[in-house]
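Shared chain: chain A. Partners: chain B in the first complex, chain C in the second.
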Partner chain A sequence: MTEDDSPQSRAGTDRDDDTEAQPDGGRYLSVKEIPETAPTTDRTWQTRLVDAVPTKRRALTYVVAITVAVLWIVPFIGLFMASLRPLSEIIGGWWHVEGMTITLENYYQAWNYSTAPMGRALRNTFIVTIPAVLVVMLLGVMAAYPFARFEFPLKTTLFFLILLVMAAPPELVAMGNYNSLQEIGLFDTYMGLILIHIGWGLGWVVLFLRNYLLGIPEELEEAARIDGASRYQIFRTIILPLSTPALVSVAVIQFTWVWNAFFFPLVFMRSPELYLAPQVLPLMRGRVQVEWGMIAAGSIMTMAVPVILFLVLERYYKRGMVAAVAD
Partner chain B sequence: MIDPLSRTLARTRWLHRRIRARVGRTDGGGSERSRREETERNAKSETEGQSSTDDRRPRPRPDGRETVRAVETDGWLARLRWSAGLQAAIFWVPPFVLMGWFVYGAIGWNFLISLTDWSGLGQPQYETFNLEMYARMLEDRSFVAAARNTVVLLIAFTGAALGIGLLLAILVDQGIRFENTFRTIYLLPMSLSFVVTAIFWAWMYNPETGMINVVLGGLGADALAMNWMSDPRTKLFSIILALTWQFSGYCMIVYLAGLRTIPDAHYEAARVDGASTVRMYWRVILPQLQAATTSAAIVLMVFSLKAFDFIFVMYGDTPGPSADILAVMMFREAFSRTNWAYGSAIAMVLFLLALAVIAPYIYMQYRRGEL
Partner chain C sequence: MAQVTLNHVTKRYEDVVAVNDMNLEIRDGEFVCLVGPSGCGKSTTMEMVAGLTKPSEGNVHIGDVDVTTLPPKDRGVAMVFQNIALFPHMDVYDNISFGLRLRKFDKEEIDRRVDRASDIVQLEGMLDRMPDEMSGGQRQRVAIARAIVREPDVFLMDEPLANLDAKLRVHMRTELQRLHKELDTTIIYVTHDQAEAMTMSDRIAVLDAGELQQIDPPLVCYNEPENLFVAGFIGSPSMNFAEGELVANGFESEHFTVEFDPSQVPGASVGDRVTLGIRPEDVFTVDRVQNLSSATASIDATTDVLEPMGDEIFVYLVLGESAERSMEGETASSNQLLMSVNPDSDIQEDQDVEVVLDRSKVHLFDTASGQALAHGIEELPGPSAGTGPDAGTSAGTGAGEGTESPVTEAESDR
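Presenting the complex of A and B:
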C-alpha cells in the first residue's frame, strides 16, 4: 500500500527519493533487487512516528471496521447490562449508566422460572445435545469412509440421497416423525429427540467428512493394507486419527446446531419438564409486562455454552463452515 | 509413496503367504485360468493396492479351486458376499438405517399424508389419495402471501448477507491490526440461537424503549422512528435486517477464504493499470469469487427457507400476512389447527422450493465432476 501513503509519510524516507526517478515509481523494477543486508534502522524517531500514523485510507478502514464491530457487539453488551440490572433501571434504556445497581436477581429468577426453570432446561439441553453430537461424529465418519474410498453398489444413489437432505427443511420431516415417534412410544422423550437430531445431522456430516477424507492421501492406507490390515483396522488406526481435526469441526458445529435448535424441540417435546433452553426463552415473555431483565439473563444462560465453545474452538468452527460449502 | 524396498518386501511377504495357503490345501492345484488371473491380479495389486486385502484371505471352495476374482467366476450371492460392497455396507448401513427412518421415511410419510385429507383428532385414512390439498393452496390467500414473503425473504436476505459479507471480508483483508479479533466479532452472531437473536431484536425494535428508535431520535430523525415489528410495511424488513446481522459473518468467512486464494499479482496488475479500488474489486476480484458466491448463496437460500425459529419467536404462529412464511404457516396449519394434511402439503411445497434452489447447483457440480 505504498502508493496510498500520504505525502507526510513519504517526505521523511530516503527510499522514495530514489524511486522518483524510475518510470514505474520503483515499485516493480525494484522487486528483484534484493538487499544483501537487513534494512538498517537509521530512521530517526520522527520519521518512525510519522510512519506510524496511519494514512487517511487506512484510518478510514479502521473507523469502518471498528464501527461495524461496535454495531455487532452492542446488542451483546445491552443484553449483558440488562441481565445485571433491575427492571426499573433498564426500562428507560440500559445505556443510562448513572446510579447503576448490579444484581443477580434476574439470573436467580430465570434459573427458577416457575413454568420451566432455566436450570432444568439447561440440563435437558445437555442431555439431548451430548449424545446427539457424539453419535453423529461416529456414524458420520463410518458412513463417510466407504463414500470416500470404496466402490460399492448404490454408491451414487445413496450419495444423491444425502445431498437431497441438505435441501430438506426441518418442517418436512416433522409430520412423519410426529407420527412415527408416537407409534414407537418415543414421542416427548429425550431419546426420540436425540434420534431425530442424529438422523437430521448425518446428512451434512457425511458429506463434510467424505470431502475431508478424499483429501487424505491414499498411500497411507495402502501401506497398512499391504501389511495385512483389514478394513476395520484401517478405519480404526488410520482413518479415525487422521480425521480428528474434521471431527472437531463436526462436533463444534453440530453442537451449536443441536443446542440452538428450536423447531424440533417445539414439535417433539411437549411436557414442560422436558423443555429445552431455547423453548423456555419465548415463554418468559409474559402477557402483561415483559420482564426484559429475566429474559436477558435467560438468553445469556442459553447462549453461554455455544458462545464459549465458539470462542475456544473458533478455528475448527470456521474451517467447518467454509468446507461445508466448498464441496 | 512407498519406497521400492518396502514394496519388494511387502510383495515377498505376500507371495509367502500365498504359497503357505496353497501348501496347506490338499490338491494344491489350480486351473490354468485361475493362474492366469492370479498373475493379472498380482500386477494389479502392485499398482493400486486396492484389492490386496482380498488376496490375503484365500477362500476355499468346494471344488478346491481358489476363487481369485469372485466377480467374474461366481454367482450373484457370492459376489455380494465377497465384494467390497459387503465391507462397505458394514460402515454405511447403520447410519443409513437411522437416516432412512428419521429422514427419508419421514419425508415419504409426509408426502403420503399430504395426499390424504387428514385433519382433527382422528387417524389418517390411507384409502383415497388425491391432490386436493395442493389445489386448496391456490385458493388460500394466506398461502399466496406466505409464498410471496418466502421468496422475498429468500432473495433480499441472500443479497443483503452476501453484500455485507463481501464488504466485511474486503475490510478484514486490508491487513488491519487485530484482524482475528474483528473476524471473531463479526462471526460471533453465527453461534447464537435464532431464539436469542429474535429476542435481541425484538428488544431493539421495541417502539418505546428499543435502541433503534432511541438512536434515530438522537440523530434527529424522529420521522423514521416507527413501530418496526408491528407496522406491516417494515415487518419483513425488520426480519431481513436481523437475519442479515446474524449471517453476514458467515459470508465473510467464505469470501475471505476465496480472497486469500487470489494472488497478490492480480491486485498489483489492476493498480498498475490505474484502476480505482472500487473498479478493481468489481472488475478483477469479484469475478474470481464466483465459486464462493455461488456456494454461500446456496447455503443462505436454504437457511432463509428455514427461518422459522426467528419469526415464530418474534410473532408466534400467526405473524400476519406481511411476515408469514411457508415454514411458519406449515407449523400453524399442522400443529396449531390440526390440519395435518394441509400442513404436510405446505411442507412439500417448501421442499420443492429448496430443491429448486439447490438442484441446479448440484447438477452443475456433478457435470464438472467436482462432487
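Presenting the complex of A and C:
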C-alpha cells in the first residue's frame, strides 16, 4: 500500500502545479520543463509512512471491507483445514491448530469412495459442463447478434419471451422436462442434462451478449460492409473477436453454474455411475458417522475447478462484465 | 473514377422524411462537400450513395451503373467514418488490407497497395501498431489509407475530422486537399463545419430539412446565396438579416432604410416584404469608406459588444438613434447589426457611430419564400442616377460583374 500510494499522490500534486503555471491549461509540459529522468520518490520513509496513514473515514472503510472479507473467507478456511486433517482432530473444531497433522488421506478416500468415486464424478461433470458451456456460448452469440443489430418482426416480443424464461424457477423447468426427456429417451443421459442446461442458460446469455454487442460501434460493421464483407464475414472477423471478453465472462459464469448445479442432476440423473460431483457429495456422509474430512476434501476438489478457471480468465472476465453492464 | 448522380431520391423513416426529392450531380473527380445543420439529411444522402441505406424512392447512379439496389461492396466506393471505425483488434496493416484480403487479392499485390497507401498518408513504419497505440490523427490516416488501398471510384467521407482537435483538423484539411489532387478521385465529403466546406471543396451542396438548397462553388454560395438559409449558413459569423418592406425609393425596415430603385429587383414589387442581408465585412463605419463608391446612406448606431479576433474585430451594433438594447426574442435581431472592422480600429464599446453598407454586397430575399431576389443593388436613379452609365447591369440574379470592383477598393481600405 505504502509504495503504491506515495508516487501517485506526488504525481497528482505535480500536475496541479503545472495547471497553474501553464497558460494553455497545463495540458502539455513545455519542452524545457520535461525532466531528463523519470521522477523518483526522493522522500524519506517517515514522510511516506505519514502519507500512507489513512484518514478516519478511510480507515472505517478498510475496517468494514476487511470484516466482510474475513466473514467470507472463514468458512472456506474451515473447509480447507477439515479436508487436510484427520477426523479426530477436526471433530472438536478445526480452529484448534496445536498439534496439527496434515494428511492427504481424506482426498485419497474421496477420490476412490466406493459408492461413487469422486474421480469418476469429476470426469462426469466435465462431460456435461464442457459441451453445455461451449454450445451456449456459440448459440448465445448467434442469437444475441440479431437482437442487437437486425430489425425483424416480433423482435421485442421474442426478446421479452427470452427474459420471461429467465424469470421461471428451475423447479418449473424440471417438472416440464421430466416427462419430455423420458418420452424421447434422453432421461438419465448426459445429452438430456446438457440440453436442459443449454436451454436454461441461453436466456441470460442472450441478454448479456446482446447488451455487450450493442456497445460495439455500428460504424465498424458499416466499414466492413463497404470493404466488402458479408454478414457472416462481419460476424466472424469483427463481431466474434471483439466479443471475446464477453464470451469469456459467459464461459466462466455458465461453467460455474453448470458445474455447481445440484438440482438438475438430482432430478435427471439416476444411475450412480453417471452421478456428477455435486450429487456425490451428500452420499459421502457415511452410515455410522459423518466423514467430515472426506466431504470437505470432495467439496474442495469440486469447487477447485471453477475457481481455477476464474483465476485463469479473470482479466478477460472483468473486461467483459464491465462492458456488458456499462451499457 | 466516376460521376455520382442522384435522381429524385427520397428517404423516409417511418414518419420522418430525411431526404426529400434530392437531385444531385457530382462530376468525375470533383470534391463536393455536403453541408447543413444536424438532421438536414446529409449523412443519409451519403449513406444512400454508399449503399448502407436504401432510398425509399428515386435512384442512384455511380458512373453509368444504376447502383440503387447494389450492396456497398459492388459500388466501388470507400468510406471514412466520423468515429474513424478502425477495427480495434487488428493492427494497422490488417486494417488497411482488410478489404483486399476479403477480395482475395494475392499477397504481393496487397503488400504493394498497402505500401503505396501508407506512403500517401505518411504512415511508414507504423504498420504493426495497434489502433489504441496511435494518436487521433494517425488513426484518421489509417482510416483514409484503408479507403485508398481499395482504389475506389468514389470516396465518401462522413465528417472525418470532427473528432480531431482544432489544430489537427486544419492540418488534415490541407492533407485531404493534397490527397484529392494526388488521387484525382471523386470525393463526397459530409460536414457541418462550413469552414471545412469552404476551404476544401470544388462545389458545396447546402442541405436543409432533407432538401438541396444550393450546389455551387464555395465563393458563389458565399457571394450569391440562392436563399435565406444558404446566406445564413455559409459564412461565419453569419450574414446580418433585416426584415422590411420594398418601398418606392428602396428598402425600409424599422431601423434603417437603403435607397435604390425597386424596379431593378426582379420578381418583387413595391409593398412586398423583403429581407435585406449584409455580411459583417460589408458594413463600414463612415470614416473608413472614402474609397467605397457604392456606400449607402449612413445609419446611426451604437456599439454594443466587441469581439476581438486578432485579425479583425466583430462589433455588435444596435441600430436607431436612441438605441435601446433589447436582447429578448427574435424581434431583437432586426435592430442588431454585426460589423467586422480592422483590428487597428480604436472603436470602443457604447460608442455612437455612423455606419454604411456596401451597396454592391447587399442581398435581398423574399421574406416569405426565402428566395434570393438580388445580389448587389444599384443607386437610386434620378438626380444622382446619371453618374452611373452602367446602372442596372448588375441588378437581378446575375449579380456577377457589378459586385467586384467597388469592394476591392473598400477592402483594401479597411
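Everything below uses one rule, namely that the second predicted complex is superposed on the first by the 246 of 327 C-alpha atoms of A that agree within 3 Å, B and C clash if a C-alpha of one lies under 4 Å from a C-alpha of the other, contacts with A are read in each partner's own complex, and residues count from 1 in each chain.
We adopt the following convention: a residue touches a chain if its C-beta (ideal position, glycine included) is under 8 Å from a C-beta of that chain, and two chains touch if they have at least 3 such contacts.
Bear in mind that the values here come from a model prediction, so they are computed numbers and not experimental data.
Student: Compare chain B and chain C by how many residues of chain A each one touches, and report the one with more.
Tutor: Chain A has more residues touched by B than by the other partner.
Student: Have a look at where A:50 lands relative to chain B and chain C in the superposition and call it first, second, both or neither.
Tutor: The answer is neither, since A:50 touches no partner chain.
Student: Tell me the contact category for A:241 with respect to chain B and chain C: first, second, both or neither.
Tutor: second
Student: Using the superposition on chain A described above, determine whether A:161 touches chain B (first), chain C (second), both, or neither.
Tutor: First partner only, chain B.
Student: Quick check for you: in the superposed arrangement, does A:130 touch first (chain B), second (chain C), both or neither?
Tutor: In the superposition, A:130 contacts neither chain B nor chain C.
Student: I'd like to know which partner A:153 touches here: chain B for first, chain C for second, both or neither.
Tutor: First partner only, chain B.
Student: Applying the document's definition of touch, where does A:226 land relative to chain B and chain C: first, second, both, or neither?
Tutor: both
Student: Which chain A residues are contacted by chain C in one complex and by chain B in the other?
Tutor: On chain A, the overlap between the chain B and chain C contacts is residues 219, 222-223, 225-228.
Student: Help me check something: in the complex, which residues belonging to chain A touch chain C?
Tutor: It is residues 217, 219-220, 222-229, 233, 237-238, 241-242 of chain A that touch chain C.
Student: Which chain A residues qualify as touching chain B in the complex?
Tutor: 1, 3, 24, 28, 58, 61-62, 64-65, 68-69, 72-76, 78-79, 82, 91-93, 95, 139-140, 142-143, 145-147, 150-153, 155, 158-177, 179-180, 195-196, 198-200, 202-203, 206, 219, 222-223, 225-228, 230-232, 235, 256, 259-260, 262-263, 266-267, 278, 281-282, 285, 292, 295, 299, 302-303, 306-307, 309-311, 314, 317-318, 321-322, 324-327
Student: Over in the complex, which chain B residues touch chain A? Could you list them?
Tutor: 1-2, 6-7, 10, 14, 49, 52-53, 56, 83-85, 87-92, 94-96, 98-99, 101-110, 113, 168, 171-172, 174-176, 182, 184-196, 199-201, 203-204, 209, 211, 214, 245, 249-250, 253-254, 257, 268, 271-272, 295-296, 298-299, 302, 305-306, 308-309, 312-313, 326-327, 330-331, 334-335, 340, 343-344, 346-348, 350-351, 354-355, 357-359, 362, 365, 371
Student: If you look only at chain C, which of its residues touch chain A in the complex?
Tutor: Going through chain C, the ones touching chain A are 50-52, 71-73, 77-79, 81-83, 85, 87-89, 98-99, 102-103, 146, 150.
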